[in-house]
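Mind having a look at this structure? Questions to follow.
Labels A, B, C and D are assigned to the chains in the order they are written; within every chain, residues are numbered from 1.
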Amino acid sequence: MQIGMIGLGKMGGNMAERLRRGGHEVVGYDRDPDVSDVGSLKELVDRLEAPRAVWVMVPAGEPTRATIASLGDALSAGDIVIDGGNSHYVDDQKHGKELAEKGVKFVDVGVSGGVWGLQNGYALMAGGLPEDIAHLKPIFDTLKPEGEDGFVHAGSIGAGHFAKMVHNGIEYGMMQAFAEGWELLEATDIVTDVPGAFKSWRHGTVIRSWLLDLLTRALDEDPGLEDLKGYAQDSGEGRWTVQAAVDHAVPLPVITAALYARFASRQEDSPAMKMVAALRNQFGGHAVTA
Amino acid sequence: MQIGMIGLGKMGGNMAERLRRGGHEVVGYDRDPDVSDVGSLKELVDRLEAPRAVWVMVPAGEPTRATIASLGDALSAGDIVIDGGNSHYVDDQKHGKELAEKGVKFVDVGVSGGVWGLQNGYALMAGGLPEDIAHLKPIFDTLKPEGEDGFVHAGSIGAGHFAKMVHNGIEYGMMQAFAEGWELLEATDIVTDVPGAFKSWRHGTVIRSWLLDLLTRALDEDPGLEDLKGYAQDSGEGRWTVQAAVDHAVPLPVITAALYARFASRQEDSPAMKMVAALRNQFGGHAVTA
Amino acid sequence: MQIGMIGLGKMGGNMAERLRRGGHEVVGYDRDPDVSDVGSLKELVDRLEAPRAVWVMVPAGEPTRATIASLGDALSAGDIVIDGGNSHYVDDQKHGKELAEKGVKFVDVGVSGGVWGLQNGYALMAGGLPEDIAHLKPIFDTLKPEGEDGFVHAGSIGAGHFAKMVHNGIEYGMMQAFAEGWELLEATDIVTDVPGAFKSWRHGTVIRSWLLDLLTRALDEDPGLEDLKGYAQDSGEGRWTVQAAVDHAVPLPVITAALYARFASRQEDSPAMKMVAALRNQFGGHAVTA
Amino acid sequence: MQIGMIGLGKMGGNMAERLRRGGHEVVGYDRDPDVSDVGSLKELVDRLEAPRAVWVMVPAGEPTRATIASLGDALSAGDIVIDGGNSHYVDDQKHGKELAEKGVKFVDVGVSGGVWGLQNGYALMAGGLPEDIAHLKPIFDTLKPEGEDGFVHAGSIGAGHFAKMVHNGIEYGMMQAFAEGWELLEATDIVTDVPGAFKSWRHGTVIRSWLLDLLTRALDEDPGLEDLKGYAQDSGEGRWTVQAAVDHAVPLPVITAALYARFASRQEDSPAMKMVAALRNQFGGHAVTA
């Protein structure tokens, strides 16, 4: 089917390519004229036949908000907007309401796959009305990995990004679990082949997983990770997961610990631990490292 | 090759079977005469040709200690004992020293695989001298899963169980990460197809893993896990992992949180939270649930 | 000086009483006519001389929002509203802006003291413009405990409630630290006089504190806390503290753990631990408690 | 009464001084001849009248073990040894058994007070037989702070150090709670008088405590703690608390998080976070800080 794609960066560009390979007609728009098929969002809308489907794949937050607002103006009743970016589920619910006032439909899709998606397919989690999801099925079928899994209609508007958010929260916890295990193995003198231990776990163990495959690949390239700094960004979904947990009174000790470890990794020095050092000095005359 | 196997329970029995299918001669001994090939440990030793190899597969702690002590008496210099149970790496180092005084060699092997091992093979992590490991290679090759992975000579005596211990610690963290994600998805009204979300993640996502496969299988059988109680045992390795972390001054927030969640799951009521309730009552006159 | 007080419940009523004892003229308004000095908010405003000062002491959230909106309509430019409830600092900033459009000034005050405040004074943390804080000084001086401490002008609008929020976050962490210590002491057979241990700590130790005093009082009344359930509410500030931490990328492992312990204390059964039990059952055939 | 004191460092020396001021006869022995009253441990024993009481105040671990072994040789049946150092409760039980074989009695005492103890008294937690505790009461009465609290006979041998260990675990949690609160207050622009906020909390709040007093003193000396590094040692009791928790299956999330924060504070870079960075790079092509 025909679809507009706004945002042709690393993710959006590869998704457009996968859709084209799958036989769909993709009209792409990007601020960068070198990769854009059209000169403006208006031209994109004009090039599509009603009822139009426009997939938004731009950075979450203000860029997505602005794009959806523009689409609300440019599209017609019966058209459909898909937000495939990393939006907060709370924003989806606002966007859905705004577009609905103009008769424009809205579906949110959480997309997983990263740089491997073009080749292997993108795992898709969608939120919206059943009829809107059904209408977009050909698109989803092409984007998702082969096989029976890789797509879910998770619930109402926001459910796609909520599910994706939780997926990423789980990812944080799993990555930290592997990372802690690696640190402990490196800390003991008894174990001398740490990369070998991880490699051995790739088959027949409870923890075999794609992350373990990636981990062994990373250790192949740099067995002691000596070229890396212990510095990790967080992309937003981890924070939203913790905030959703607090909102729903759900205890998430592991996922939160993983998020906090990232926060701490970005600090030159820990303010809290300065205070602990100060207190130890006050009550015990303990030596302080200045 | 020829090997003695002590302990023919769920694990040892299946491992003996896999070895036999692989062409090895296994002489098994178990306290249960119905499954034992010999009437006593002495008879087992007599049935094996020197230099003997005896694989111990009995419960960790006192049973393993007692078995290894008996073997130290019954075996001859040049024989080799393999502890494939869930022993603490600290115990391995003691056992290795005791056996060495009698000229008996010792190798420790952490074994992963559970009920799936007979069919898929057992992931093996071994600790000991290179020549002892090399001698046992035919056994390891048969027990381990097919392919290049599934076995590691991790280091000196104790390294096998240390690596297995860390594997299980990582497993605790991963399981808890999935469990927390499930609880949060269940807690929101937006997501209506929680099992579908997990199922969709099996392909094309960062968190695809054997645990995720098991999780979707569990949700297939009981979509809301309504037949289960939130009660989880811990098998020892999780505790040892945290103790090793404390000994090595390695922070393990995620793995420890997962262990503590299991401790808490087994409490009828939380003593600590009684005290929190008592304090709230003291300072704020907050209502207390009695 | 003269002040209006809206909300004459446990907190507001006692604060009005302390102000009267301190020589101030308090005109109180409450929905309950039995305790109210006036019949309506309008009558309250009429009874006060301009520039008026009105202290709002009603539940946080909608009641506070509605009260401040009504005051915005009823008051005149130059009047001042003080929010002494448990409002979120984010709301303060909105309220300040709304009132400022009408020329009405706004100060937020975090109040600590609970049931002991009437007698011992209330610790006050204020946010707002220096001139507004200065104008209200006689009120603050009467409400606060005797001595040099007990009051701070913490910063701009919202700073009072931000500081109070952090105070409560610290309180969560301290309470949980004591509670965990108590649980561990109760768990060992070696220590036979647990209440005595806590009592002994009241003097000469690093952890002597008002919470420790309250704790020993609680143990005096019920040495094993056998009449209590391990069930603890959270009053909002703990959640806001964690959310502020996530917003500011500040790791708060202890305060968050204390909040999560409260969430968990209110669950009949832990959904996450059902999933852990399910996974253990899937991979290990571990017995499951149903 | 008469008492021998072994170890006249910062703690032991001040305790000897407090005992002398209280009218006791103290014979002190230290490896440093400048502060020692006698030339050898043997001379110390000779100078005391039977039944002797000897207080050991040397570093925990090997020094304490060696000192107690020597005393076991030098003392006579009916004499009593008091270990007032920071020993592990597990060691107390061994020491008590060893001494009992020679008829020598043993009492363990956890001592809190630090540099303030000489002036304010030392909080004492004792473990041992009731008659041995009773015999030493004059000593305890002099060492402890004035008033009814500051001393407890907590239970059997080891109970004193167990209680002290838990005291320190609670201390870790409280310090970290304050430290986290400080970091969050420093992180927001709204609060401009952070030291003032802490100071205001010293009266009328739930968190008033000696640690808060020390904290405000530290901020008086260095309002932003700019002269300090966020580096904190741990003195052993925190680790033992977590190990005891693991042994007793008691979840201690707050105390453990505080311990782990200290471990992390001493790392130049976090190995675990190197692995997280490596994984992020593998699956997402995320930029890595090298």
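Annotations
Keep this in mind: contacts are C-beta pairs under 8 Å (C-beta built on N, C-alpha and C of every residue); 3 or more make two chains touch, one makes a residue touch a chain.
Model, not experiment: these values are computed from the prediction.
Ranked by distance of CA centroids from chain B, the top chain is C. When the interfaces C-D and B-C are ranked by C-beta pairs in contact, the top one is C-D. The pairing of chain B with chain D is characterised as same-residue: of all residue numbers used at this interface, over half are used by both copies. Centroids of chain B and chain C (each the mean of its C-alpha atoms) stand 47 Å apart. One simple way to say how far apart two chains are is to compare their mean CA positions; for chain B and chain D this gives 37 Å.
Here the spacing of chain C and chain D, counted between their Cα centres, is 33 Å. Counting partner chains per residue, chain D has residues 114, 116, 176, 178, 180, 183, 187, 206, 210-211, 249-253, 257, 260-261, 264, 272, 283 touching two or more of them.
Chain contacts in this assembly form a complete graph, since each chain touches every other chain. Those residues of chain A that touch chain B in the shared complex are 89, 112-114, 117, 120-125, 127, 144-147, 149-159, 162-163, 166-174, 176-178, 180-181, 183-185, 187-188, 190-193, 196-197, 199-212, 241, 244-245, 248-255, 257-258, 260-261. Chain C contributes residues 10, 114-116, 175-176, 178-180, 182-183, 186-187, 210-211, 214-215, 217-218, 222, 225, 227-233, 253, 261-262, 264-265, 269-286, 288-290 to its touches with chain B in the complex.
Residues of chain D that touch chain B in their complex: 206, 234, 239, 242-243, 246-247, 249-253, 256-257, 259-261, 263-264, 266, 272, 283.
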